[in-house]
Amino acid sequence: MNGPNDRQDEPQAAAPGSPGMTRRGFIRKSAVAAAGAAAVAAALSPLRNISPDHIPTLEQLLQKHYKEMTPEEMKAVLERISREVEKRYAVRPQVADIKPMTGVEFVYALNISRCIGCRRCVHACVKENNQSRSPEIQYIRVLKMEKGSIDVETSDHHYDPPTVPEHESYYMPVQCHQCANPPCVKVCPVEATWQEPDGITVIDYDWCIGCRYCEAACPYWARRFNFAEPGLTAEELNPNMAYLSNRPRAVGVMEKCTYCLHRTRVGRMPACVEACPTGSRKFGNVLDPKSEIAYILRHKRVFVLKQEVGTLPRFFYYFDERGSRYHEPLDPAVSGGDA
Amino acid sequence: MRRYFTFLWQCLRMSFVGDWRYYAWMSVLTVFALLGLHAWCRQLVGGLATTGMTDQVSWGVYIANFTYLVGLAAAAAMLVIPVYIYRNMHLHDVVIFGELLAVAVIIMCLLFVTVDLGRPDRSLHLIQRFNFPGSMLTWDVIALNGYLLLNLHICGYLIYCAYCERKPSRAFYVPFVFIAIVWAVSIHTVTAFLYVGLGGRPFWNSAIIAPRFLASAFAAGPAFIILTLQIVRRYTSYRVGDEALLTLRRIVQVAALINLFLLGCELFTEFYSDSAHTASSRYLYLGLHGRNALVPWIWTAIAFNTVATLLLVLPSSRGLKVLNVACVLAIVGIWIEKGMGLIVPAFIPTPLGEIVEYVPTINEVLVSLGIWAFGLLLYTVFVRMSVPVLSGELTYRRLYGPSRQDNNRSQAETAA
Amino acid sequence: MAGLLLADPWQEAVPIPPKTDVPVWATDTTPVRHPTLKPETVIAGMTFRCSECHDLFPSPPETDRALTQHRHIVLDHGINARCFNCHNRQDRNAFADDRGDPIPFDQPPVLCAKCHGPVYRDWTHDVHGRTDGYWNDSLGSRRRLKCVECHDPHAPAFQAMRPARGPNTLRMGDQTHHPAGTEKTKNPLLIYRQTPSGRDVTHERPE
């Protein structure tokens, strides 16, 4: 900047009422201004690398909140999303806005006697929900817990033994619990996340401003943020999408488990339930007394994580028999009684 | 009306006029501000992955600085209390600098929040669907913007009246001053409640956070003003009395003592009870499972705060050299304690027990420095503008001759 | 200044971990076993129905001797060590119920229910083991897996399997399990395994 050196020979506090500036003064001032403008332009230069996808179109800027959109507007938005996905991945998706079924409230149960910690649920979820592969986003985190402790601080998330289950451990996968008293919904400043009538807490990805307050508020660390542009290839894309669940997200918005609402709202099981080899995961409509989830809540020793936080999760853990601990040595039966 | 535009224009012109030290200072600040802008543009292109934040530690340096600066803004208006409630006239002439600092700092806070957003292009969504009164962030938006407007009005009105050589009408600013006092306390309380209200983060879910915020803010804010007033005294002709500095010293002294006491309360609560909820405190003060990146920082902050408090209690801090050292120590110590010592440890360990440490990236640091530089630039400009006006050197009459209103008034006076 | 900014000398690459492919078996949802559910066996490449041999050769009353045929079968079924607890002595193409009457070979759950009552009860309600299909039967079909699709009837313990890889998220740092250091364990069950100095000896199992 050639500003500071130039000023020394000029009178201080040039009286503004004095007759116009000298030609030298004018050239000097405009040189300074030009240098300043060049510096500002150079400061803004990284923006030249911005990809056109990142620049919101007028259509996107004017798009309304999910709850305010009319069916025609929603149709236009779904069309736009289909077009964008097709342009990017060369795969024609089916993007729908699937409404919740009436008389349905989804609850999940997980049998920690049977869970062996194989993490197939984690990867099935990733495959189903079009998450970013690099950087990696996984909605489900499997905790290897120490026997004797329910405190998650004693957990290990990065276990990698040759086989599971391991000695003296039990496994607790954690994902979004779709709480009935959700702290994330409470804290969102723009109402980009809310709870639907069937119990699923959803996010409008086109409304979220990315403040990450919900991520700080969740006691189960269930919400994820797109810090970078999601890295997803066409082969990995799941074309069966819904507006509120697994359509590809953009950088800078939150996402999380939605109990695969694009599947469950048409009667199917979430991907994690289908993948579990031991059948530890159970899902269904708790309002139907004949469902397996209602049976579990009636007959099994169910509990929730971090109950003291008052979130009322719709995700129960339970244990029944010795289950996955059969690999551990048993005390041999002691003779006695009638023998 | 024309007067108002000339006022603005003259203020703008004044900000480009000064001696070589002024230019050097402004140039350095401009360089950093441009570096920050450049880094932010890089962040806009690459997403927040250019920062060191992760899903595990999802708030970092930006929110840390935001928290600290909200405190600074609140405390700047605390100069007002001695003058308007306790009628302590030593501070009367320097209140305006506190209010100007509040304006510059609030703008910095808003900038920090903006750079922290993942989708700043969607900021208008805040107006379209506002989750008030449920979300504390909406309370914060109202509080911060309201405070900015309040202070802009008060400062603008007072300085403009001085420019017009008109006695300011009490009705136009005194009620706002009183509102600003209450509002200042509330902006920092609301910011504290942002954190306190989260049951899933036991490190934050404690009633002591809001009082600690206020105590540390009232220590750091006036300390900052003590330093800036000395600069004003040195480089301009504005008269800043020693009594003003000593009154401010008293405020910082009491606030620093309360801050240390509250720190002691927190340390006792966490370490005596030793429940599982104290994992974050353990990470911060002692390290957890071999991870101890923040331990040296927090102990440095505690050392700084303790030394600053001790110095302030000693009568030797009436002397400016010791006072300045104490102020700098307090400012830096409280910055570390509120930023790294409050925001980051709440995320470690995560609610599921994972430990991922946080290190800000160069980009992130540059953006933060850029915003600080921009804020200091604004404050320097404000001071540069207001000192000549308030001391009567720069008035409309001097520059343009008496206005029509002045003539009318003097005619009315002679007629009476 | 402009030149410096344009030149961008402090480019910092974002350390996005490269994508590691997830192996196919990690998302394969087919059941772990594929039993034929037919009373057949393969000897020397030829398939025989059970009755073809067993009608010819009478079996001794008890089987507490080493098997001469079917030696590949490892019997590890807990205290259920008697072949005729399950297999029908008179008709090898079927299983035996409580009274010795035949249970068809393609209905193993009825057999397992003889001893594993509570599990069977859960299984009939789709609570034990996986149920494939729709949660809402009016919208689609369901299929409950049969016992032997997960459990080898002779060694029914569910086989340990290789876990899929763990998380590798952005900037997660070094996540190798850190030793507890000087901290005492928070696990109430393990406190009796700490030495007086506070060292956690949990993982040093005395053998």
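All chains are identified by letter, namely A, B and C, in their written order; residue positions are counted from 1 within each chain.
As a working rule, contacts are C-beta pairs under 8 Å (C-beta built on N, C-alpha and C of every residue); 3 or more make two chains touch, one makes a residue touch a chain.
Values in this document were obtained by computation on a predicted structure and should not be read as measured data.
Across the assembly, the mean Cα position most removed from that of subunit B is the one of C.
Of all chains shown, A has the CA centroid lying nearest to the centroid of every protein CA atom. Between the chain pairs B-C and A-C, more C-beta pairs are in contact across A-C. Centres computed as Cα averages put subunit A at a distance of 30 Å from subunit C. The distance from the centre of subunit B to the centre of subunit C, each centre being the mean of the chain's C-alpha atoms, comes to 60 Å.
For subunit B, the set of residues touching two or more other chains reads 34-35, 38, 46, 49, 54-56, 276, 354. The set of subunit A residues touching two or more other chains comprises 1, 39, 42-43, 45-46, 135, 137, 141, 151, 153-154, 157, 227-228. Multi-chain contact residues, meaning those touching two or more other chains, occur in subunit C at positions 1, 5, 14, 16, 169-170, 175, 186.
Put simply, subunit B touches subunit C in their complex at residues 31, 34-35, 38, 46, 49-50, 52, 54-56, 276, 282, 287-291, 354, 356-357, 361-363.
By the touch criterion given at the top, residues 1, 3-4, 7-8, 12-17, 36, 39-40, 42-47, 49-51, 54, 56, 61, 65, 135, 137, 141, 143, 151-155, 157, 174, 183, 186-192, 207-213, 215-221, 224-229, 251-253, 306, 309-311 of subunit A touch subunit B in their complex. Interface residues of subunit C facing subunit A in the complex, by the touch rule stated above, are 1-6, 8, 14, 16-19, 22, 26-29, 31-32, 79, 118-119, 122, 125-136, 138-140, 145, 150, 157-158, 160-170, 175-177, 185-190, 202.
Residues 1, 5, 10, 12, 14, 16, 169-173, 175, 178-181, 183, 186 of subunit C are the ones that touch subunit B when the two sit in their complex. The residues of subunit B lying in touch with subunit A in their complex are 10, 13-14, 17, 19-20, 23-24, 27, 30, 34-35, 37-38, 41-42, 44-49, 51, 53-56, 58-59, 113, 116-123, 125-126, 128-131, 134-138, 141, 194, 197-201, 276, 279, 346-347, 349-354, 399-400.
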